[in-house]
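Both of the next two complexes hold chain A, though its partner changes from chain B to chain C.
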Partner chain A sequence: MRVVRKLLETLFALILILWVLLPIYFISSLSLSTRKEVFSFPKPFIPREVSVDILRFFVEAHGTVRSLLNSVVVAFISILIVLVVSLPAAYALSRRRFRGRDSIMLFILTSRMLPIPLLAIPLTNLYIAMRLYDSLLGVALLHAAMALPFAIIILTGIFVKISKDFEEAAYIFGASKTKTFLKVTLPMALPGITAMLIFTFITSWNEVFAASILTVENRTLSAHVLNVMQASPIYFKYAAGFFLSLPAMVFIFLIRNYLFEMWGGLQSEK
Partner chain B sequence: MKSKSVRLEDIEKKYGKNTVLKGINLEVEAGEFLVLLGPSGCGKTTTLRLVAGVERPDSGRIFIGGRDVTDLPPQRRNVSMVFQNYAIFPHMSVRDNIGFGLKMRGVDKVTIGKKVSEVSRLLKIENLLDRYPSQLSGGQRQRVAVARALATPFDVLLMDEPLSNLDALLRAEMRGELKRLHRKLQHTVIYVTHDQVEALTLGDRIAVMFDGEINQVGTPEEIYEYPENTRVAGFIGTPPMNLLEVEFDGEARVDGLEFHIPAKIRKFLETHGIKRFKLGFRPEYVELRRTGMSGTIVLRENIGYNEILNIQFGNHIVRAVTKRGEVRDNRVNFSVPEQHMRIFMNEKLVRDI
Partner chain C sequence: MRSDEKIYLLLAPLVLYILFFFLSPFGSAFKLAFFNDSGKFTLDYIVKTIKDVRFYSALKYTVLFVVTIIPLQLVTAFVIALYITRRGSSWLMFIVSIPLAISDLAAGLIFLSVFSESGFLNSFLYSLGLIKRPIYFLSYQNTWFLFLAVVLAEHWRATSIVLLILVAGLQMIEKDFHEAARIFGAGFIKEIYFVTLPLLKPSIQSALIIRTIFAFQMFAVVLALAGDMIPVLSGEAFFWYSLYRNPHIASVYALIIILISVFFTFVYLRVMRQEL
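Right, the complex of A and B next:
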C-alpha cells in the first residue's frame, strides 16, 4: 500500500517536472539549433547542430536591443521604488505593534486581488491624464505596485527573524537608531533583501500585459515580442522565448534556497 | 575607568494590565557585584532592561552615579551589557564585534585596536579575532560577548543570565572567570540569574525577587543564614530550608509530635503569646544522633559525597544532609542546634530572639 502510494507520488512529481521542463527544453534546444532544423519534422530531441544563428537573428531584429534596454531600465526603476517603499514599511510592520497592523498586512495583499486586465482602461485613462502613458516610468510604477505586496510581506518576515536583541545591543553600545539600522539590521537582512529584489526584477521582466497596453513606442522586451510575434517566423519566437526566460531561470536558481526559506518561514511565523 | 553607583527609586512597570514590577527600590554601590536572583518571570530581567534603557518604567526614577537617567535613551546612559543569547553580530568578525562600541563613539582605529587586543587577552580569545560568530562554540561566543561588553567604556556592566546557555562544566569555568575579572577590574555589575549557585558564588550582595518585588537584599551569607521570609528560605539552598508548621501550647508540636526547642525560643514564644509559627532550619545543620526526635527515612537521594535523607516526621518531611552511608538504619533520631533555628511569624523572619 505504502509502496503504491510512494510510486504514485513519484509519478505525479515526474509529470509536474516534465510539464515545466519540456517546453523550456524545446525552446532552449531549438533556439540553439539551425533554422533548417526548426522547420524539420520530426524535430530531433537533441539538436544535430548547435548554432547561435537564430539567437543572432533575434538580437539583430528591429527593436530588440531597444526594448531590451527598456526592460532593464523599467526593471531597475521598479526595484528602486520597491526598495524605497518596502524597506520602511516592512521594518515598521515587523518591529512595531500598532493598532490596525494586521488589517494593513491584509490590505497590502488585497491590492493583488484585482486582475490587471480589469484595471487596464482606468489605468490607461489615468496615465494619459498624468502624462505617464507610453513612458518607462509609468510601466515601472505599475510593476513596482505589482511587486510591492509580496516584497513587503517577504521583507517583514526577514526582519521578524532578526532578533531585537541585536538592535538593543547596538543601542546600548552607543549606536543611534539610524546607525543601528544601517550597520546591524540592514547587513543582517541583506541576503534576503537581495533575493526580494531579484524577485522584483523577474516580476518586471516577465510582465507583459500592462507593458503592452500602457506603451506604444517605448515597449519592454516582453511587450515588443508579443507585438511583433504574429508577423515573425517561428524561429524568432523560439529565440524570444529563450531570451525572455533566461534571466528568470538563472536568478531563481541562484536564490532558490532563499525563496524556500522565506515562503516556508512565513507560515511558521504566523 | 571609574565605576559608578546605581539607584532605583519606586520603579513600577506594567505590560498591559500585567504589573511586572511593583515598586522596586535598590541601591548598588560603585564597584559592587550585585546579583538579581529569582525564578523566571519575577521581573529581574525587566529590571535590568530598565537600567539599560531599552525599556522605560511607568513610574519611578533611575540614577547612575547620581545622574538621573530615567529619560535618557540607552546610547546616552554609558552602560554595557552581556545578553543571555549573547547577541553578537553575526555579520561582523570577532574583532569588529568587540570594537563596535568604541567605533560608535568615534574612537580612532589605533586606540580601538589596542583596546580590542587588551580585552581579548583578558578573556583569552586573541586567536579568535578574525573569525565570525558562526565559527565559534557556545563558550567562545560567551567570551566574545563579555569582551565586547568590557571593551566599551561604561559606568555599569549589566549581565542577563550570561551563563544559562552553557553546559554545566563550562558554566562553572566561566563563573570562576567572571569572579576573577570582577576582582581585577572592580566594575559595578548588575547580574541577573535564576541560578542560586551563581548568585551565592558571584554576588557581593544578592537581591532576591519574587513576583515583581524585591524580598531581600543582603550578602550571600545573610541570605543563606537569615532569609527574610519563608519564600526566600524555600528558594535558596539545595535542598532549601526545612519549614515546619508548629503549634505552641507550652510545648512545640508538629502534627501533634513534640519538637524540641531551646529555652530561649520557648521563653520568646511565651512572652509574646505566640500559638503558631513556622520553624526553619537548613538540612545541612540537622544533627543525627541517638538523642532527639525520632523519624523514619522514607527516601535517600544520592548527591555524590553526601546524601539527602528524607525523614518522615508527622505529616512533614524533614530533610537532612549527611555523608553518604553514614546513617544505615532507617529509624533515626535528629535534632537541630539552637543557633540554626529560625522562627517565621506570618511568613516573616523573627530576628530578635
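Right, the complex of A and C next:
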C-alpha cells in the first residue's frame, strides 16, 4: 500500500514536470534547427541536427535588432522610474502605521486591476498632445505604472523585515535619517530590490498591448513580433517564441526566492 | 515639519503617479465612448459596437475562455499546491513556476510548436500509427480545436500564478488545525473539505479575482494560435484602434471589458461569502 502510494506520487510529479518542460523543449528544439528541418514530417523527438540557422534568420530579419534595443531601453527607463517612485513610498509604508495607510495600500493594489486596453487606448490622445506618442519614454511610463503596485508590495515586505534596531544604532552614532537610509537600510535591502527590478524588467519585456497601441515606429520586441507575425513564416514565429521566453526563464531562476514575497504578500495586505 | 507630513511627502509621488496613469484614462475612455470628435454626446459608438457581427462572438468566446480556463486552473493548482506543501518540495515548486514569467504572446508561439502542421502532436500521433498524414489542427474549420489549443496554452502559462497564491495560503494555515482534524477522526477528504478549503478561502478569492481580471484581457495568446479566427474583446479593441483607426469604438470595448470584470468579481465575492 505504501509502495503504491509512493509510486503514484512520483508519477504525479513526473507528469507535472513533463507538462511544464515539454513545450519548452519543443520550442527550443525547433528554434535550434534549420529552416528546412522545420517543415519535415514526422519530427523525431530528438532533433537530427542543431543549428543557429533559424535564430540567425530571426535576428537578421528587418526590425528585430532595433525593436530588441527598444525593449531594453524601455525596460531600463521603467526600472529607473519604479526605483525613484517606489523606494521612498515603500519605506514610508513599512516604517510607520499612519492614518490612511491601509486605504493607500488598497488603492495601489486595486489600481493594477484595471484592464490594459482601458489604460492604453485613452492614453494615446494625451500622449499625442504631450508629444509622447510613438516614444520609448511614453511606453516606459506606462510600463512603470503597471509594475509599481507589485514593486510596492515586494519592497514594503523587505523593509518590514529589516529591523529598526540597526537604524536606531546609526542615529545614536549621529547619522542623519537620509544617511542612515542610504548607508544602513538600503544595502540590507539590496537583494530584494534587485529581485523587484528584475520583476519590473519582465513586466516591461512581456507587455504587448500598450506597447503596440502607443507606438507606430518605435516598437518593443514583443510589439514588433505581434505586429509582423501574421505575415511571417512559421520558423520566424518559433524563433520569436523562443527568444521572447528566454530572459523570462533566466529571470525566474534569479528571483525564485522572492516569488512568495510577491504573491504571498497579496494576502497579508488584504 | 511634523513626521506625519513627511510620510505623506514620501508617498506623494507614488499616489500622484498612479492617479495619473490609472484614473485619468478612465475619464478619457468615457469621453471617447460617448462623445464624438466635435464634443457632442452620442450613442452612435455604442450602437455601432453592438451591431457589429464580431462583437457577439468576441463576447461569447471571451466569457467561454474565462469560464473554462479558470475553474480548470483553480482545481489543478489546488491539487498541485496540496502535493507541494505536503512534500515540501521546493525544486518542484521552482520547475512549476517557470512559465510564470513567460508572456502570453510567447506562450501562444510555444504551443504553435505542438499544434502546427508538422508539429510535435502530429508527429506523435503519426508515430503511434493513429494518423496517415498530418492534421491541420489550427484552421478555421476546427474552431473547437483552436479554442482547446488556446485553453491549453493559457493553462500552461498562468496556472503557476494561482499555484503560488495557493501554496502561500496553505503555508499560512497552522499545523494545529490539521492535527485537530485528525484527532477527531477526519479522513483526507473530510479534512480538505472542512478544514483546508475554508481556511484557504482568502487565497482562493484573490487567485480567482486576479486570474479573472487578467483572463478578460486575453489577447496575444489567441492571436498567436488562432489569428483572427477566434475573436476576443481585447483583440477587437486592438483591431479597432490599430487597424480601423477608431479610438471611439476601441474605448467602448475597453469599457465593456472592465464592466464584465467588475461584474464577475462582484459575483465571486457574493457567492464565496455564502458558500464554503
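List of remarks:
Simple rule for what comes next: the second predicted complex is superposed on the first by the 238 of 270 C-alpha atoms of A that agree within 3 Å, B and C clash if a C-alpha of one lies under 4 Å from a C-alpha of the other, contacts with A are read in each partner's own complex, and residues count from 1 in each chain.
Criterion: contacts are C-beta pairs under 8 Å (C-beta built on N, C-alpha and C of every residue); 3 or more make two chains touch, one makes a residue touch a chain.
Predicted model, so just to flag it, every value in this text is computed and none were measured.
When the shared chain is aligned, chain C comes close enough to touch A:237, but chain B does not. Residue contacts after overlaying the shared chain place A:176 against chain B, while chain C stays out of touching range. Set against each other, chain B and chain C differ in how many residues of chain A they touch, and the higher count belongs to C. Contacts of A:76 after superposition: neither chain B nor chain C is touched. Of the two partner chains placed around the shared chain by superposition, chain B is the only one that A:187 touches, whereas chain C remains out of contact.
By the touch criterion defined above, A:165 lies against chain B but remains apart from chain C after alignment on the C-alpha atoms of chain A. Once the two complexes are overlaid on the shared chain, A:57 sits clear of chain B and of chain C alike. Annotation: chain A has no residue touching chain B in one complex and chain C in the other. Per the touch definition, chain C reaches chain A in the complex via residues 3-4, 7, 10-11, 13-15, 17-18, 21-29, 31-32, 80, 83, 87, 89, 92, 94-114, 116-120, 122-123, 126-127, 134, 156, 161, 164-165, 167-169, 171-172, 202-203, 206, 209-210, 213, 216-217, 219-220, 223-224, 227, 234, 237-238, 241-242, 247, 250-251, 253-255, 257-258, 261. Across the interface of their complex, chain C is touched by residues 9, 12-13, 16-17, 19-21, 23-24, 26-27, 30, 38-45, 84-86, 88-89, 91-93, 96, 98-99, 104, 107-108, 111, 113-126, 141-142, 144-145, 148-149, 152, 202, 205-209, 212-213, 222, 225-226, 229-230, 234, 237-238, 240-242, 244-245, 248-249, 251-253, 256, 259-260, 262-264, 266-267, 270 of chain A. Residue ranges on chain A touching chain B, taken from their complex, read 163, 165-166, 168-176, 179, 184, 187-188, 190. Contact residues on chain B toward chain A in their complex (touch as defined above): 52-54, 73-75, 77, 79-81, 83, 85, 87-91, 100-101, 104-105, 148, 152.
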